[in-house]
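Some structures are shown below for you to check.
Across the two complexes that follow, chain A remains constant while its partner is chain B and subsequently chain C.
Coming up: the complex of A and B.
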């Protein structure tokens, strides 16, 4: 909990204890300026996203680039101010204008970037990189700094520690750099971690190593993880629930196996069909993939945002009204008119 | 199997770079053949020399080259003996063209994409109007709207830029197209669309591809034959059918086990250790994979294995000295 000295809450939230993070109808719009001051419309990057993240749970958010997944992630990190909706971490609104809460929140959340080499300062040694978050959070005693850095480096298996601690990022391989980034994201004993395509820049064999490391850390430290990716094939080994995102909205939320073997939304189907598996037979067939590209978020299509590409579009419904979430099974929600009761058959 | 027409034959190709601390043996005695209308995939981790191999074939070399020799025969013509001027006029982009790794950064930001795609034609003296007409046709062929010829690269999405780069490689009707990680920066849907396009071009126009990648799952979309590179050398060359079911070399086996599968249930594995440094790799007496290999024998560290031919497949590993299969 945050410091006690804060003023009395006006709104209180009553989420159960095991809900770490609750995102409630979040809308992030970016204003476009015309001639520097006039309004030229809004880019609706995230448009009504809601979900809960439980303790020790890993969720994955899957979608194409430009669908708003990075914006969603950055707003979860508290970098963007929502236009509407709330992000609530352990019953605290993180966008409340209160420095103490924000500071506390930032020390609770770790961030693993996509490109490790771009994420760590090239002119700092490993020791300095890992020291920084501790110093920022008031741990200054050299002995303690050293023990904590060594401990976290052993956890991400950068061993023997003495070989690595004085090295600079360019002396390390991609996998090792990514371990440094992970170590930095958990050195404050964070409870939640946001990972933005943590393995997409790595080689196939190293990729598995890093995924396994993350999985182990999750179990050992009770971390909750939000894993953002466009690659469905790595998701299965890692997370329990998958949310599929399209043009700023979550279109399908399901448990991993439900999503892979019993998916409902036409977009999920296309995503799964596009994911390759190593099989020589692939070379002989064409994949059935909808043509076209994700819509502009400045003027998104009316109704369901997938309807211009959707092969099962229902005229007069899909292109008029936005579908609400229909429950198609336990823990399985889908935003698609095809699953409305009187249309289903 | 009927004997196919050999399009490109590479014999003992070497490309070594000189840097301050020694020689980098990026391509170290590579031999392979590429048949007409075939897609060969060059697989390997980063730093194994696969991009250097592509550049060595196209003779796009940096200026710290120490050794560049071997024999490259394209349709019976020896290209290594040509001088640079002749090579540029005759081979590069006329006979062999390349789709670079990231199309976004390889297009010129201050030129309209139409003019850029037309450049290989206009530079050979074709009338500009005629060339742009050809570009329009080519754009239609690869699925880019025709009016895009007046756009700049930054006005296109990632998938469209990649299609423009493919159009640029196809415009001169080359015999061989080298694709250097053509889809690595793209989304799954766009990736699948580009792969469909490449398959269609291969089928309709008898195109031949050399696809350089580290993404095994996507490479299976196109591959007829798979060549695995490790530390500057080819260690396995197998038909795709066999490779994706049962690769021969221990390294390929590990590589296959590290691919996340969407519907499978296998436990993922990773390869311990890291690839050797290419500096001074010639001083390693034995097999270059031996330190990481699960099947290591005494012999492996003493003597480098020769290439064994098993049916249509080749493998560079001592395990196949007397046996045809290894579990």
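Coming up: the complex of A and C.
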């Protein structure tokens, strides 16, 4: 163990200052145990994901349930250890078993969860909830705690502050609870925020407000945001790039407009087709959706993981080799053999 | 703090809980007063059965209140120190001609009413004589209500000497009854000639002392042992049961509370650590628990009591140690398992809360509503356990406790001998204590559990 950590110390990373977070060929496997000790294979929840997140940039990761979005997010937050690959934040490997680095990283990253009521401890008052991150990071002076809590509550528009500060979570509405969660995720003046479907549990009237709040905070504080969702309709609000995830891999990475109007990957097409538009006529139209189910992550299909469902599958290629990323436009990468000839250089 | 106030407010809706709380409060007050007014050393001294501590007490006496139920009252005990009592008449008899220079003859007589329907258990005279060379000489006479003037004994007395009526075989022969006191106190013509009957009325005991030296004198204390004594009666070693019943309160409360709090809090903490760290820590704790659950609890306590020490502290420690790794750990573990992956705990990790902080500030507060009723309900269990250990002969040999009283009563066949008070009184104390905690515990359970479901 000691040998390994010494080796780790030598590695330095030279990403440009602009890159806040770099995920490099990340693989998160969960071991399945037999009789409590034998190995019965691995669930390959995230299998070779790479991307860079730039300063003040918002990216969205979309994909259907079970595609590994949440696992990816939790490993970015440092909750899971990667089996392979690295997560590098400001040129520091966050998994290098170094308490100081880990602490520092935790104080830099905010986490906004899906279910606001579950995300805050029900037995703590708003003040205690917001105080906790500060206390854990060594700010214990009562005056400073109070000023910072009030400041952040004003920023998430929980005003007048005195009406909320001594309340308990069950006394607040869903939108207010989510504002508490957002306030907690930025009270340490974090530089990066990971938002896991932050509005999916809220009702439609509050969604836009919360999304606008997030957008405003992002602009005011220079936050980088990773926004995870299965709902493409909320993506447009503030993200610049969208990554489409399927069965543990990113299949298409593009700017928002490119992805929506000029998507390349057959899966992206199917995903967009499934997005509902508020139109009464839709009730009578039968939508084409790809047949089959998402593959088992325990025994994923060889080659492209989408090939068993893909209408454009090329036999002998798609079901044999994993497609690399082909650049089909500026900042537009697709992992699909259909574009093997579009390589520019 | 407002939470505690709120709980008390809501407890008002449960009448049983109020009764329970009142009983517990009374028990606590009694415990405190007992410790203040009968200090530990005094209680120990009384319970050891020192002659000086128990000489006034009759043996196996019923509680005084049982007289309410009797038409013919049973005699109560009393004592008179002759030199200090105003009811004793002193007469210095005139000197006779041939007496020596220093001879003094004093007549001390004391009269008492005896209106009881039963014979006294014993009369004792404790003499204290001051002299240098020549022992004083005494003569005891008793005048019965029927005018019989009976000479009990004539003898010389040493510096301290005790005379017991019922142990004087000569007196017994002289009076011709089953015992000296029956002979002394029975009437001349009973209704049934086979059954001796008490002659009610005024008895006068006269002690005539002859001293032969200057400054020599005789003092005595007369103690009559009746058949009823005090509020709770006495046991076979003439110990006042009140001491044991009162001292039983602080001991039972302390044992129950310390054991219940110790066991509940420690097993909760261990379960939290087990769940939070997982891996080999969890495996180790779970295996220890499973093995411990199979070990025979009482047999281990019997072994500790037999080979090591029967001190209540040793027993308490052993009980706590053996109970920590019990089924409670499994219950708490199951609840913690649900909480372990709660989103708010994940959030706590991501803002850098330490493991210890997560265990104490995030995991444990969630389980406290479950813990409090369980803790209160566990107290009577440990109180009964302490009593059971006593009955099994594993009680603290020095401390007077309820279990000890029951155990003594059992070995002396109290119920067979009709000494029901000996067993019933400590049993009632145990039942009241158990009932009080159970009533509060059940109310707390009802109060906390719907709230758990709500969350």
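The rule is simple: the second predicted complex is superposed on the first by the 332 of 345 C-alpha atoms of A that agree within 3 Å, B and C clash if a C-alpha of one lies under 4 Å from a C-alpha of the other, contacts with A are read in each partner's own complex, and residues count from 1 in each chain.
Definition applied: contacts are C-beta pairs under 8 Å (C-beta built on N, C-alpha and C of every residue); 3 or more make two chains touch, one makes a residue touch a chain.
What you see is a predicted model; the values in this text were computed from it and never measured.
Looking at the shared chain after the overlay, A:64 reaches chain B, while chain C stays out of its contact range.
With both structures placed on the common chain, the touch criterion links A:215 to neither chain B nor chain C. Shared-chain residue A:205: touches chain B; no touch with chain C.
Applying the stated contact rule after C-alpha superposition, one finds that A:325 touches neither chain B nor chain C. Contacts of A:111 after superposition: chain C is touched, whereas chain B is not reached. Chain A is touched at more residues by one of its partners, and among chain B and chain C that partner is B.
Contact with chain C, but none with chain B, is seen for A:119 once the two complexes are overlaid on the shared chain. Note for the complex: chain A touches chain B at residues 64-65, 173-175, 203-209, 211-212, 230-234, 236-237, 260-261, 270-280, 282-283, 286-287, 289-291, 293.
Residues 74, 77-79, 102-103, 106-107, 109-111, 113-115, 118-123, 132-133, 136-137, 181, 184, 188 of chain A are the ones that touch chain C when the two sit in their complex.
Against chain A, in their complex, chain C makes its touches with residues 342-344, 346-354, 357, 361-362, 365-366, 455. Here chain B touches chain A in the complex through residues 39, 45-46, 143, 157-159, 187-193, 195-196, 199-200, 214-224, 240-241, 243-245, 254-256, 258-264, 268-271, 274, going by the rule given at the top.
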